[in-house]
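Each of the two complexes below includes chain A, the first together with chain B, the second together with chain C.
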Partner chain A sequence: MAICTPLNSSTYSSIIPQQNHHDAAVSFARRACWRATSSHRPRRGFTVITCASSDAGTVVIGLAADSGCGAAEPPKGGNPDSNTLISDTTTVICLDDYHSLDRTGRKEKGVTALDPKANDFDLMYDQVKALKSGVAVEKPIYNHVTGLLDPAEVIKPPKILVIEGLHPMFDERVRKLLDFSIYLDISNEVKFAWKIQRDMAERGHSLESIKASIEARKPDFDAYIDPQKQYADAVIEVLPTTLIPDDNEGKVLRVRLIMKEGVKFFNPVYLFDEGSTISWIPCGRKLTCSYPGIKFTYGPDTYFGQEVSVLEMDGQFDRLDELIYVESHLSNLSTKFYGEVTQQMLKHADFPGSNNGTGLFQTIVGLKIRDLFEQLVASKAKSPVEAKA
Partner chain B sequence: MAAPDQIQSNVEESIKGAEEACAEDPASGECVAAWDEVEELSAAASHARDKQKVSDPLETYCKDNPETDECRTYDN
Partner chain C sequence: MAICTPLNSSTYSSIIPQQNHHDAAVSFARRACWRATSSHRPRRGFTVITCASSDAGTVVIGLAADSGCGAAEPPKGGNPDSNTLISDTTTVICLDDYHSLDRTGRKEKGVTALDPKANDFDLMYDQVKALKSGVAVEKPIYNHVTGLLDPAEVIKPPKILVIEGLHPMFDERVRKLLDFSIYLDISNEVKFAWKIQRDMAERGHSLESIKASIEARKPDFDAYIDPQKQYADAVIEVLPTTLIPDDNEGKVLRVRLIMKEGVKFFNPVYLFDEGSTISWIPCGRKLTCSYPGIKFTYGPDTYFGQEVSVLEMDGQFDRLDELIYVESHLSNLSTKFYGEVTQQMLKHADFPGSNNGTGLFQTIVGLKIRDLFEQLVASKAKSPVEAKA
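Entry: the complex of A and B
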């Protein structure tokens, strides 16, 4: 028996997709929000009866990336400094909220935000555990503008909880709570190119300062953040393209979707023949592509000693028909209808990466998460559910 | 387009601070923490810049409701 509470539709916030160039992790989280919500939003003025997630439990997704969380559009009348994104089925928590040291504190101690010493993993574990079991929490807010820790906000347990930030898979206890985890692995060259694009307009920044900032953070990044990728169920690796010699602008990308085998409720996407090795250039007689074209590879591999399947896309989409052509040749996409991947990508055509592998794979992973959620709900419905007092 | 002035001057100051801290000892925690602060402020500046971009209310509406009359597009 599920516990249902009537909630006014005004408690639902609408998400307005923000453009955060180069915060690929944020754009993924927003795609995940869109993907995970049903196509029906409660209409204004209606009272919506919602069931607390205690019937199926909350599905927890971890998303790791080296970028601060985007400034979310807060709930109407809510805290404008909140980092939390809320839609009807999904809540995205920014793990910066679990900083134990604020900006001044970190400066005094001489530690970066990447250092575990600056983060309260006990609190992170307690709160994620509480939300997963259907209990609301009072979560601190880290204010990215002031660098201070603001008073806590109440977070209610959602159907899907995404924890996004630097350390979702760092603490073993938190790792065990995750139903699915993703690591966004940006290569150094691409990271440098993106940061140049992001920061060159900023007064005070120069090529040297951008480079110095990346290099100063690298030791902590390599020690604390990068090792998390071995635990991820899916890794999205972003590399420079091989199609254009000496391309260092980071505009055309080679993106690899590394999918762990044997993860419950997760069936890796494949090309043509599952488990075989394929190299595919869709451009030819049936499909005309513009320079530099598109190249796909797919095959089994090992990643940190684990069996994985890797789907790789190098190049970019120029037209709608290229997208749909590619989609029609991929299998195990977990789409509900033909063309759903293309539709989702077109819907977010203004998001960065919508014309290359980053957008494509983020979209696919979003669909996989939806599929995982539905399978989990179905499996829990089959087993007897205890009535909660 | 540069970020709002306050955030922009924060970024500028933090860069100067980082360069000073690292001039003394490039391997120190202060130096590393200073550049981390630069990164954090640069990201905040980038978000502020994005927020400033004027969004067309019709575009936003049509994204969510492409089937409504005002949002229909015709290709021929």
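Entry: the complex of A and C
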């Protein structure tokens, strides 16, 4: 049985915070490979809102995203080269730590970090399996600064283990260990717009070199990273807006939350009428919005031949009341009180994406993971024999 | 104060029934100028669901539609040539009775019945005003069979007076007497498709003659009938479906209920979220529909410069559960119990339009008129001096 501490704002924390003594959510965010529109702003990541449990079965979450997970800022107090983020309930492992080839090795063999040949899936499987069954492991550390493999660190089994990086769903054995999996699918147009803004405007790179670097990465990305999304329980797609004709700025986004149906302990969010097809422009008589407004779409669909529900948000929030209004019309949010989504988003209002579907859907996925965790723990407590079998 | 009789199916009746000893709703329907897709089936009309009131202030409703209101079947027992339909609460006057020129007179002067010159608006105003203030009148009768003006009949002031026909909102003085007004706006495409089906398939008319008869009517219609819709509190637009590409059969319909905002005692129906813009395809996981399905749209709009809410239904109901499902998701229906819209529509399931937006929206307008009537009566009872002023 889960024992939840009282739900006020101070007990709501990201999965990262306490032990690292810095803004863990930001740190996790940076780790979560979530590209901001500006490098001056912290990247946004998932905030898994947890509550303590008396039964410490480890729940394993896979989080796949394109651009690696090197910690931009090493955690203070601990191993300065560690990529691991640890809070009281959750440990986030960066899968770069399972690189079998260091930077020099990859160069010599002519493979990228995206190539499975540069990664040790046997070790990844062994260690995730050990942690899931309550056994501590000595996990290698990939040093993003030197490009070398540093001495290993001890990882103790947490309540929630997040494995995050390029290949959480690539290896079938690892995939089967996941209780829930998420894939961040940033469209090429948006990736390109963001990269131009950062690398060209802020780092002085040429348009050609940016294009070349994206193109160079593409074959391995398409071969090894992208196919994982078919296995994800939830996919967050980030696309250009359709509210502004021919927009290519990548500032206003259309974000889709694709939720697999039939996943145990995961009930997809819906808008107004579960299972029907809806479009909703909340801006109207009760809510006014500035250009280009906000448009939600919801409905059943198929994704890689599997039944899914898709919630889409195009546009962005200008004001708090818009966010509350939207939250109040969504169902199955797994909140514990009215306005919890809004509260969570306000808490991290400085994160990029806080005003659009990236922030909204990451917050929702965070709540869904808490819900899943609590249900899993509760079900294990009910049938301990079955759970241990 | 309104004293409502218990609301079971036997107390729900159309505004026409008891005194005419035949299916009054059908009769009214035929009168309501509502073109069926087949002449073998009775035409559908408004079913105003009323409940008795102790305060007999006459509420006047205007109902404008294109094609006149000659009673296809004279009421039994009463004046066989009367166009008036009378129930315990409601009297429906056919405005053809205010023709100032009979058929011969119109021919001589070269005017159609649509032309205001063929109608006596002074008399119409005087008599509606008299009835509204509780005074009986001697109303002329236009005989649709002979085309002559028959001897007048006495009309006593009812609780609800419906004035129905070509010009209920044409004369400003008459218009000001209306407590609520409705305009039936059947698009040219649908009129044409229906006329072809009836006159060509069933009466052997040629396509050319049908086109010619529609064209001949058009100038007067555009000049005198159509402009009245700007004054209507509710407009029901009947359009071809957009669910079937290039459909011109006129069997599947897209029907729009345009509801003026700010009308006292009339709260527009809405879908899910009042004042926002919504599209809804209810057919999905919970409700299955056959091709081409059903699509609802709702949102704020302007109509002749006035703020309105528009509810649209495209497609048709196949089964009872679809109708219940749709009813359960609409708000502000002015029903008195769950499922009343469905019950009303089932009661008149043999009417044309029972399976689409024409039937649904006419039923809803009927309920809104009952609501308006009860609120008007209640407000008069509260402030009798003001009401009589």
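Throughout what follows, the second predicted complex is superposed on the first by the 317 of 389 C-alpha atoms of A that agree within 3 Å, B and C clash if a C-alpha of one lies under 4 Å from a C-alpha of the other, contacts with A are read in each partner's own complex, and residues count from 1 in each chain.
By our rule, contacts are C-beta pairs under 8 Å (C-beta built on N, C-alpha and C of every residue); 3 or more make two chains touch, one makes a residue touch a chain.
Bear in mind the structure is a predicted one, so any value in this text is a computation, not a measurement.
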item: Touching partner for A:Pro245 - first (chain B), second (chain C), both, neither; value: neither
item: Touching partner for A:Pro300 - first (chain B), second (chain C), both, neither; value: second
item: Touching partner for A:Glu274 - first (chain B), second (chain C), both, neither; value: second
item: Dominant toucher of chain A (residue count), chain B or chain C; value: B
item: Contacts of A:Pro151 with chain B and chain C, given as first, second, both or neither; value: neither
item: First (chain B), second (chain C), both or neither touched by A:Pro219; value: first
item: Which of chain B and chain C A:Lys109 touches, first, second, both or neither; value: first
item: Touching partner for A:Pro282 - first (chain B), second (chain C), both, neither; value: second
item: Complex contacts: residues of chain A adjacent to chain B; value: 16-23, 67-68, 70-71, 103, 106-107, 109-114, 144-145, 147, 195, 198-199, 201-205, 209, 212-213, 216-217, 219-220, 347
item: Touch list for chain B against partner chain A, complex; value: 1-3, 7-8, 11-13, 15-16, 18-19, 22, 28-40, 42-51, 53, 55, 60, 63
item: Interfacial residue positions of chain C with respect to chain A in the complex; value: 272-287, 299-300, 329
